[in-house]
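Next come two complexes, and both contain subunit A; in the first it sits with subunit B, in the second with subunit C.
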Partner chain A sequence: MKELSLNILDIVENSVKAGAALTEISVVEEGDTLTLTITDDGCGMTEEVLKSVTDPFYTTRTTRKVGMGIPLLKLEAELTGGELNIVSRHITEHPLDHGTTVTAVFMKNHIDFTPLGDLVSTIITLIQGHPDTDFRFVHKTEKFEVVLDTRQLREVLEGVPLNTYEVIKWIEEYIKDQYIN
Partner chain B sequence: MKTLAELQAIKEKMKDKVILREGVNQLRIVVGMATCGIAAGARPVLNAIVEAVNENGLQDKVTVSQTGCIGLCQYEPIVEVFEAGKDKVTYVKMDAEKAKRVVEEHIKNGKVVVDYTISLDKQ
Partner chain C sequence: MTVKELAETDIFSPVTLPCGGREISGVYIGDLLSWVMGRASSGQAWITIMSNVNILAVASLADTSCIILAEGVTLEQEIIDTAREKEINILKSEKSIYDIAVFLSKII
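Right after this comes the complex of A and B.
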């Protein structure tokens, strides 16, 4: 992927497909490290599936026999000297607290570090495509902290869909404003 | 600085329109957003379509949605147009500019942009 934000878009699609009501996307930059955490309350994975998700020849899709999402993110993290970890609790064994957490650590100063790219565009695209699920997005560095929580917006909107054009435009500006200030 | 009060105002304005709009859209534009699509550039294509649909005042007629892998990864980004009573139209190797043209010529004026479509013999 050209941008890390595109990997994020790709991985979060898995959370949505797992039936998550809430997916939390956190990007924390501290010194040389960038930690990406994607946590969802979806159905989770069994231990057997969890073991095979970093294998490119494992996929849930039916149109093709390869799945590159997680393997790509893992490779991109490891190329910088970082790592990827996945913790998952499957709904059958953890009926009350199921879900998946993907954590990827990157060394920002490594020459192979994929730039973050347009995170705002990724968040907007997720909300546009999945207006009925909630996302909490946090981007924290030593200089700023950007937060967007669709649950808060949903309360204000009272039934007006989050992917209404005017709303999407407002969200885009709302996040961008936080980066500037 | 954008405020929640502004969002509240948008809600008041959209409330009635949304009720009217539900279930009337005859036309559906679908963008492939699996790993293959995203890596090939589907995100700017999707956003260009959303923009163009609204710039052309088509939001009451068209639904823009996302889907997983369509199965033709080498032709991504792929955009499919579904219209009631008509054959599905599949656009391949799209970019933001092409997407804009598809909205203006096909969605708005009803003329399929054959330059970007795929047919069986081309596969």
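Right after this comes the complex of A and C.
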């Protein structure tokens, strides 16, 4: 996709659809590499599904016969000399610790590296669209570390929905401030 | 013009032609697959230099009449087999994307 943040939106939608209560999105930049990790506690995938998930003709949607989120992320990682890995524990075999982790490693200095894009808007869009789901977002580089955890916000908000306009605006400023400082 | 007729012109050769009778309604050019997926329309011939298996899915989703591999790009045998199985027309050409587009503008 044109920006990595759009890929993140796409992949996290899978986590929400898998019934995740908490989805962790982490972007870690270290030297030449950028590692994107999306971990959820959703229902997970069976081994059979896991095998076919990088196949562009596989999808969990019934409306179309191909699902492109994972295949495109894989392609984009590989275009930079990186790679994509998925680990999943299905709820039937792991009733207590099920979920999926998608890890994509990019070589940041490769000419085909997709720009990161607007991560703040991506996180805001996710919270707005799924106010009852928790997200933990971390963006760590050698210069800064940005963290947002909606579970902590919920404690303070005492029942005020996360997608309330004022709350969303506050979250946006809160993340942006961390980037500046 | 049909895909088969296009495949018979000088600058193209067929890679797969399972539905050669499909009419070409126009042309789309692009290599960023997510972009092409949302913008190419049904019946268009799609010119690209990408050779990953994902191009088949994009062509299938956008319902393009054929994929045109430009600039001498080749596909792995496995991808060619999948294209036949999914009934996706693929032509190839040694010409540049620009030359192909100029050529198509004269005959379509």
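Keep in mind that, in the parts below, the second predicted complex is superposed on the first by the 181 of 181 C-alpha atoms of A that agree within 3 Å, B and C clash if a C-alpha of one lies under 4 Å from a C-alpha of the other, contacts with A are read in each partner's own complex, and residues count from 1 in each chain.
Keep in mind that, in the parts below, contacts are C-beta pairs under 8 Å (C-beta built on N, C-alpha and C of every residue); 3 or more make two chains touch, one makes a residue touch a chain.
Everything numeric here is computed off the predicted structure, so don't read it as measured data.
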**Asked** Thinking of the overlay built on chain A, is A:T125 touched by subunit B (first), by subunit C (second), by both, or by neither?
**Response** first
**Asked** Is A:T164 in contact with subunit B, with subunit C, with both, or with neither (first, second, both, neither)?
**Response** first
**Message:** So in the superposed three-chain picture, is A:L6 touching just subunit B, just subunit C, both, or none of them (first/second/both/neither)?
**Reply:** both
**Item:** Partner chain(s) touched by A:L153 [first = subunit B, second = subunit C, both, neither]
**Value:** first
**Chain touching more of subunit A, residue-wise (subunit B, subunit C)** = B
**Message:** Quick check for you: in the superposed arrangement, does A:F57 touch first (subunit B), second (subunit C), both or neither?
**Reply:** second
**Prompt:** Just subunit B (first), just subunit C (second), both, or neither: which does A:M68 touch?
**Reply:** both
**Fill in**
Going through subunit A, the residues touched by subunit B and also by subunit C turn out to be 1-2, 6, 64, 68, 72
**subunit C partner contacts - residues on subunit A that touch it in the complex** = 1-2, 6, 55-57, 64-66, 68, 71-72, 75
**Message:** So in the complex, the part of subunit C that touches subunit A is made up of which residues?
**Reply:** 32-35, 37, 52-54, 56-58, 60-61, 82, 86
**Asked** Which residues of subunit B touch subunit A in the complex?
**Response** 1-2, 4, 6-8, 10-11, 13-15, 18, 33-36, 38-39, 43-44, 46-47, 50, 53-54, 59, 64-66, 68-71, 73
**Item:** Touch list for subunit A against partner subunit B, complex
**Value:** 1-2, 6, 9-10, 13, 17, 61, 63-64, 67-69, 72, 118, 121-122, 124-125, 128-130, 152-153, 156-161, 164-168, 170, 173-174, 177, 181
